[in-house]
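Consider the two complexes below, in which subunit A is the common component and subunit B and subunit C are the respective partners.
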Partner chain A sequence: MTVTHIPPLPVRDKAAGRALSPMLTRLAEERATGVLVREHGVLHLAEGRVVHAESPCSPGLGVLLTAHGTLATAAWQQAAAHTTSPPRAAELLLESGLLPVGALELCHLDALYDAGYFALAPSSTPGRFRYDHTPRPGPLPSVPVVALERETLRRRLLLHRLWPDPAADSAPLIRADPPAPAPLTPRQRAVLDRVDGVRTATGIALDLGRQAFHTLVDVRRLAAAGRLAAAPGAVPDPVPPYPPPVADPDIALLKRLRDALEAL
Partner chain B sequence: MPGIDECLLEAMRLPGARGAALVDWTSGLALGTVGEAPGGDHETTAAEAAELARMAAEHGAFALHGDGADDGRPPVEDMIVSNRDSYHLLRFLDTSFDSTVFLHLWLGREDGNLALARIRLGEMAARLVLG
Partner chain C sequence: MANTETALKEALTTIEGATGVALVDYTSGMALGTMGGSKSFDLNVAAAGNTDVIRAKMRTMEMLGLKGEIEDVLITLTDQYHMVRLLKSRGGNGLFLYLVLDSSRANLAMARHQLKRIEEQLEV
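Now for the complex of A and B:
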């Protein structure tokens, strides 16, 4: 039997790897406008700033606003039906004066950072960027790419410090009974009450109309306290990947290729 | 109706105001900042203030024990930290949607009027989310 020497795979320089997505950093530098589709979510960029984010792992603005009756579900559906995308629906609500400006801005930022956390999660497939003139800076606050990346890294570190095992983040959850349980906070009790062997943290967040990251914080704390665990043998809920845009020339890739050729 | 920035700028018009921020106490994220931050860094200040706010919001010692204890609203209205040269006033927002947010006002002790600031910050917090 011959033993072939396999050269080690190139490893990215750790210090340079601070940016969560090199593609996103480049898009911010060129002040790009369009939609970045990643495995666990999408980011809408307008002139290099994040104006909107969506992820199947986190409740959207509509859920946050309607879950506790801040906005009537019918009013959200009406706004969504009259517009082409959730950010436009939010702008319509802003113009309509149905909601206090502060409440809408707050929920918009909550939903953006929440979805952004998942959209920037490590992925197994490369992201794709579609240059598109739809996203535009609107009256609702936008966030610089670096701010979203920094916050996402900070949130990862925060969860890691609470309980280093991410198993409970995406799997169905079961209750556990520690011998001497520590007292629960009201927000933790709400989470634990919904642990039924089927729901994942995302499912609980949707049910509570609560940010998914906020739910993860309590899930990790409850896991650390021995009150819940990932269901044994459960295959972590595969996150439904975002459908990549079809029949669309991969302009981002072509641009990179052009840049690389020009650099030769 | 004020947005986040207008609310923070209004807080800065209070006598002795040095800096203000809107902070999420679960994540430690500053959703808006204006003016100075103690130590010069709003991000660090927000994360540290969030720790303190979380303790007050979650620990049983500061919870309500009578009627309305389980209505899901924040039990604590505000917190005051005074040091030898300034006050820190933290006002929890009572929102109709699920949130864990507070306003943080940093006030110089020499020019600040704590009683006035406490009343006004409460009004601003209500206007921000209720219109």
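Now for the complex of A and C:
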């Protein structure tokens, strides 16, 4: 019997850099244009900069724009029906003068960093990138990849400092009754009022038309104050997998396979 | 009608003694726009840190049962003034404008007045 020496499988060097997604870093360096699909969200890149982000965990641009009376829901729906993506719809509204540019810019950045936070969350499956020329820099501000990564890391750290247990981030929430409750801010009260044993933080964010990360900040603060907790025994709501919008060959995966084979 | 960048630029160029300005979301502590600052004065760090100042003041007012809203906060250092002006965004978030002034060149009353005017132009 011969024993064949099997070389160890290449492993990713975890200590090398603090990039949240080495693939994203590489895409930024090569100024790629296309769509990066990760487990918890999607980033649209144009020439290596993030122009748009979406995540099933966070409310989209349309929700943020319409929830507080900035824009009539009907106007948004009409614009969305005539265009292919939320940023295009926003551009259309801008051209028609229905939205002030400052408000739109901020809502766009709010939505982008919010969805980006979830898109860059640790995932159990590798991301996939589709080269595509649809994303293009528009009149709305785009964000460098490093800025999004830096902000995402800062946000993670902020949540950890407020309350280190992430259990309440994704589970249905229940109220708790501390013996001496601390006063709540109006924002926190709005969140607590919607805690019903069924809704998750994401559900509350959608209901309030607030960013999901901002709701997580309130949820962690309320958890730290003993006012709410994750429902016991509740299996954390599995995040719905983002529908992969492509059927074409997975070029990024093939490239990685080729590189790995060449390295043998 | 002013976008963020124009408004920040105007603050920096028209307010005497201004050395840095930022528009900050105070729930996340993220600076949505910055202008000015220097290598030794990182406006992003200042933005995140000052959200704690605002939060502390808001909590105190809540505990005292005060119903008024904070218009602005002034912090005087030996050689600088830091001015924080609160505003509400249409996205429903609390925002503040953060202005750093060189105290040897600044006119405090004038700066406060100008910052208020810039806030009015800023359609956030």
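Simple rule for what comes next: the second predicted complex is superposed on the first by the 236 of 264 C-alpha atoms of A that agree within 3 Å, B and C clash if a C-alpha of one lies under 4 Å from a C-alpha of the other, contacts with A are read in each partner's own complex, and residues count from 1 in each chain.
The definition used in the following text is that a residue touches a chain if its C-beta (ideal position, glycine included) is under 8 Å from a C-beta of that chain, and two chains touch if they have at least 3 such contacts.
No experiment lies behind these values; they were computed from the predicted model shown.
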Clash or fit, subunit B versus subunit C on superposed subunit A: clash
First (subunit B), second (subunit C), both or neither touched by A:R210: both
Which superposed partner A:G233 touches (first subunit B, second subunit C, both, neither): neither
Touched partner set for A:P122, first subunit B, second subunit C, both or neither: neither
Touching partner for A:P178 - first (subunit B), second (subunit C), both, neither: neither
Which of subunit B and subunit C A:T70 touches, first, second, both or neither: both
Those residues of subunit A which subunit B touches in one complex and subunit C touches in the other: 64-65, 67-70, 100-103, 105-107, 109-110, 113, 151, 154-155, 158, 183, 185, 187, 208-211, 213-214, 217
Of subunit B, residues touching subunit A in the complex: 1-4, 7, 22, 24, 26-29, 31, 43, 47, 58, 60, 63, 70, 72, 95-101, 127-131
In the complex with subunit A, residue positions of subunit C that touch it: 1-4, 7, 25, 27-30, 32, 48, 58-59, 62-63, 89-93, 95, 122-124
Partner subunit B, residues of subunit A touching it in the complex: 64-65, 67-70, 97, 99-103, 105-107, 109-110, 113, 141, 150-151, 154-155, 158, 183, 185-187, 208-211, 213-214, 217
Contact set on subunit A toward subunit C in their complex: 64-65, 67-70, 100-103, 105-107, 109-110, 113, 151, 154-155, 158, 183-185, 187, 208-211, 213-214, 217-218
